[in-house]
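After this come two complexes, each holding subunit A, first together with subunit B and then together with subunit C.
The block that comes next holds the complex of A and B.
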């Protein structure tokens, strides 16, 4: 991507963000067990790497929701699909290594090899046939291409159908939620060819790489950080120019943009597909660090949590999404990991493992009600930026009626 | 008397060789054998059961399956006490005292409590050594049991007769046919007589002696849906696949042509199984042979490293065959030739062709009828599912349709209603009363929660519908976790009253449980209630006014805030009642509501927003659709849901505003 002169000056947050991200990555590397002091455990490095991937999908969510105003409740489906696509290769190639290692006196024929791999992978769901969708699983470049192509195509087709028939607002949200539900229910079946509710496992072992998990986790952290940086710059590029203006126009008044002559549907479709691809790439980086993927990860609720992160972080600005995803998922890990101290109220002891969800839900309500700008709104406070207070009660019952203070002016 | 004498002679003649065959009897038994004829001779005054027992005491003490038949028949004819004696005998509750007399016995601490088999009077207690227990073997017990059937079938007590018929229906055998037929004549109760005739036909189908008799019985069942009929007919048409060297023999159902009705692989496997042809060379066998012949890193001159190529493997194997170290693989031509020499056919195990033909015809007729009935059953199921969805969605339709507010916490309101029912049952033990209390209470509680939510949260977000969705989702996850913290993760029982247990069985195929009927009725009641509130009350009028044009309604003196609050309360309250109803048949967990929430949204969206008839149509469509898809693939309800959602996504393409779309100004945007 060629950065045009003025890109950074138009997007001051990019430079800050890249510097912070670089400092963070360097810091973690220097504290890791593989390359530094060993202060940070490998499992925590993995958590951080996964968090970076979540930040990347949060950027995608911010693009589609914060900038374009489409509340998609289906982006975790693309995230999961990306994970499945890379997981297929990881599992196939690793099983292949195992099978080759335990061969008999004769070298196996290609057919024998495939049958042995299929038995290993699908024994758990009671078949030994390799489904057709695994045809390319032996090839890393093919599966990497599928990481982008499968979710991209799905988003393209779904988006084309949905936007073409002018499904908007909450209808679209529910429709995307239905799509996610359908996909996860489909993957839950053994017949889907992706091991049903067992999902794909053992993904943390990278075939053909001899390095241990300490090193692998750092490499994945670097890859995630790099991809997050690239994603951030791409998102900043997309939102900064004319294209970004149209996106915001669609968000604020879709009909007006349409009457100005823009093909609203094409813009929406492009953003929907682009964000789906970004989500898929994030997923492809996330699941090798998580080690396992199953259809439960793609349940509709995951996508709603994604919206929660972005909302808490602050919609309509890229760093808001990143801060929200990082903050909520790390705090969530801290609370649900049982490391948070219990809160003794005298008559009742609050165990955070049990009450964290309640806290999250309520704080989400409060953020939506009281601080629609989210955590990123704090930046505005620091910079002294404020919207003029146009509050006051309406003077008439209609939406457009003057408000008290406007009338006074 | 003459008859009895003949029977005695016959029994003795039959018994003699049996004694010779048995293993050497124990001391006690042999003494009784010696005793037996004496007893018969010394007690000429004995009559009835006592006489028979005395006469055959040897046979009874040491029975053999082959010879005991006439003796049991004799006992059976002996009158009073006989059935009880037979039953006790089959149960191993009969003992023989030293004097050769038989008693019904019951084990006590000191020995046996005796009961006289004829009079049923207690006859004291004897120590264990004074008595030998009779232990008839399984074969004899079977004979006794079937003799007992005869008595039971003509027992004066109708309940006994019914019990006997039930037992026969479960495990009837050929020998039951005659006693059953005999008992029909004398049967006084018309209902039992009908049951007996039906059972007689069923047994005739299976065990009848002539084919005319069996065919007549089969034809009588034409179109009968009962499971027992199918159970009797199905074994008749069981086929086995057989290989014949010449023409097919036996009761042939179908001659199979290789390549058309039967795959070549399968046909050849049949030949191999029958031992008529050598097995084909399998890949693993070939591999084993190759591995066994590895010689200095090569097999028959081919290096091992190259053997991952199937062609090279073939070559190596052929070389081994040429060396005589392996058997040759069969060629396709050889297999074809082998197959050509045989006939393959499906053969009935039942030998009578007219019977199988009649049975197949009857089964076909039954299958057609069963198909129709299954469709009816499916219709009922779908209707019940539709009413559940309607009940779950109606509250949502009010809040979403009338107010344009998405309430993601709707599912939790349903759960709240179900838990209310559970808590009420903790305090009110009577299930009927508790349900009657729980329904209005659930309405009040969830309506209260709804009003509180509207006041605190939703009111501030009317201009931002997408954010309502998110805020209510936040409430939803908080509520769900609170339920978990209070009630735990395991399912809680919400028991329905006894009069709702069971199902309405129309026939063996079509049935529907009473709970589902109750839910259907409840759904109808709520439809009527909703229509009445909307069309006939002041509140309904104001709600419609606010829905259509809030500003104008406000100008006319209606308070939109109040109306919105009440509408939201009503919608939430109905969710609570739906929760009680759903909790009666589903597991009450904190996730109860979220299982229904997506379907409820679908119902509202498919039906069309802002119209109760649309919701009804949506629920019906989704209910029937889901059941129909499940019918195609009954084992996989996940697939059904997947395809249903895909269908709905496609449906939205064609009718983006639902089945019943508002038109004109009422449509709003």
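The block that comes next holds the complex of A and C.
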């Protein structure tokens, strides 16, 4: 990436973001059970690490929706695929360790070993054969490559078909949603070779690593923070120059962008694929912290939540997406985790586990209607207080100029 | 090349919208450095003609050929047509209102258009100078950092003309450039268009006869989607058919 020395100084918000992120990660580490005071539980460290991954996919969503105006309701499919790709290696390699550990004196032949692993993994779905898509599962580099390649190729093919025929707006949203639904239904089948509705589990154990979960959780927190930082800088780079202008141009008036000579379809395809890859990487970091992945995670509703986070945070700016994802997903964990005290209204007791969805939906509607800039709009408010807006239109139209209505009649 | 040779050759095009014939067997050609005015009553098909040339609308029949190589424009999409050198100014000013004047001009500036190239493109000193010069030329020299949505209607027209110039097209299609401009601005616009036509082809659609007179060029009168008359302004305004459909009302 060609970040020039002046990149950070030209984008002060990036620097602020990186500093806050570093302080946060360091702070959590110093309060963790493994490396610090032990105030923050390991399971909460995992929640925070997962939240950072959600912030990363929110950045992807902001690039495609907030900047380019394409409301994709399918990015959680890419997130899930990324998770499955890394999950295959985690599960395979871990099972191999277990199988090898339980063997007798004679080392097994490769065929015996593979059969034993397959029986272990696929016993639950009633087969003992390793499906062809698991061919590379024994190799970490191969599965890491697939984390990028599988979702990237899917996005490339889907995007090519959709954008080439100039599907836009709500039709495109429906199409992306249909893709997600189809993928999730396919994965629910046992024949998909990914253990159907059982999904992949035990992903929190990293093969070949002896460290306990207390330590691992902190390592993954740092890895997630590092990837979020990289994703943020990449997104800032992409949106800062003329490319960013073209993205916003496509959002506001794509026909006009075409008449300037830009091939709008190629740009959309490029951004769609790039954001799919970012989402997949976020997923590949998320699921080892979650420990389990199943097709339900990729249900269309997840991608809709993603849009809600970005809208509440404030689309069209990167920190808005991050703040929205972090805020809403953490509050959501709090409410749905049963930790929020019930609200007794006398005639009715509001149980937040049930009512949180309603509250979230309501906030989404309110933000969309009343504060389209979302939480990030608060930053403008603060800056507005610091630099009062003089208002008015200093130059305005010349005295004799026609008004717009006259001009276009 | 100095005015000889045809740059754009439109022959026998027709377009029908839901049974309504907006363009009817229209033929039109323009030389490499020629200024041409197109006039005609509302709904005559002037904008639709520009839509066809720029690839926005595809005709039911006819051909549109471009340049010395006689490239078939009908086989290209809007972006490709823009890249071969056809720039367009819309009837309603269409600029990117959420972006600054400088960003609008930078986006239009002649440069590579492919995503990879654009991603790593950063404006050099020459590009900044060019943007400043263009902004100054269209009277927006001190508005570079303003959001273009804040500009007045006339200023948006000028910004769009600036974007057109930034593309350095071989053919400019200009749809009602003077709408929303003051008298002084209109005079400036005519001077600019006349000047531009010395080095490239310019097609101007305009309702304002005074404006057309100042352009002092060949005029094509469109009516119901085909050419009614062609020649100098005095010649066409003396044509009884033209008087009947357009001027005499």
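Heads up, the rule we're going with is that the second predicted complex is superposed on the first by the 379 of 409 C-alpha atoms of A that agree within 3 Å, B and C clash if a C-alpha of one lies under 4 Å from a C-alpha of the other, contacts with A are read in each partner's own complex, and residues count from 1 in each chain.
In this section, a contact is a pair of C-beta atoms (placed from the backbone, for glycine too) under 8 Å apart; a residue touches a chain by one contact, two chains touch by 3 or more.
Model, not experiment: these values are computed from the prediction.
Set against each other, subunit B and subunit C differ in how many residues of subunit A they touch, and the higher count belongs to B.
When the shared chain is aligned, subunit B comes close enough to touch A:361, but subunit C does not. In the superposition on chain A, A:173 makes contact with subunit B only, while subunit C stays out of contact range. Contacts of A:261 after superposition: subunit C is touched, whereas subunit B is not reached.
Within the superposed three-chain model, A:145 lies out of touch with both subunit B and subunit C [touch as defined at top].
In the superposed model, A:124 makes contact with neither subunit B nor subunit C.
By the touch criterion defined above, A:381 reaches neither subunit B nor subunit C. In the superposed model, A:186 lies in contact with subunit B only, and not with subunit C.
When both complexes are aligned on chain A by C-alpha atoms, subunit A residues 396-399 touch subunit B in the first and subunit C in the second. Interface of subunit C with subunit A (complex): residues 54, 56, 77-80, 82-83, 87-88, 90-92, 94, 96-99, 103, 106-108, 113-115, 118-123, 143, 150-155, 163, 167, 179-185.
Of all the residues in subunit A, the ones that touch subunit C in their complex are 2, 4, 238, 241-243, 245-246, 248-249, 252-253, 255-256, 258-264, 266-267, 270, 393, 395-404, 406-408. Note for the complex: subunit A touches subunit B at residues 69, 71, 104-112, 158, 161-162, 164-167, 169-171, 173-175, 177-179, 181-182, 185-186, 188-189, 191, 300, 304, 307-308, 311, 354-358, 360-365, 368-369, 372, 396-399. Of all residues in subunit B, those touching subunit A in their complex are 283, 287, 290-291, 294, 304-305, 307-310, 313, 400, 406, 408, 457, 460-461, 463, 465-467, 469-471, 473-482, 484-485, 550-551, 554-555, 560, 598, 601-602, 605, 636, 638-639, 641-642, 645-646, 648-650, 652-654, 656.
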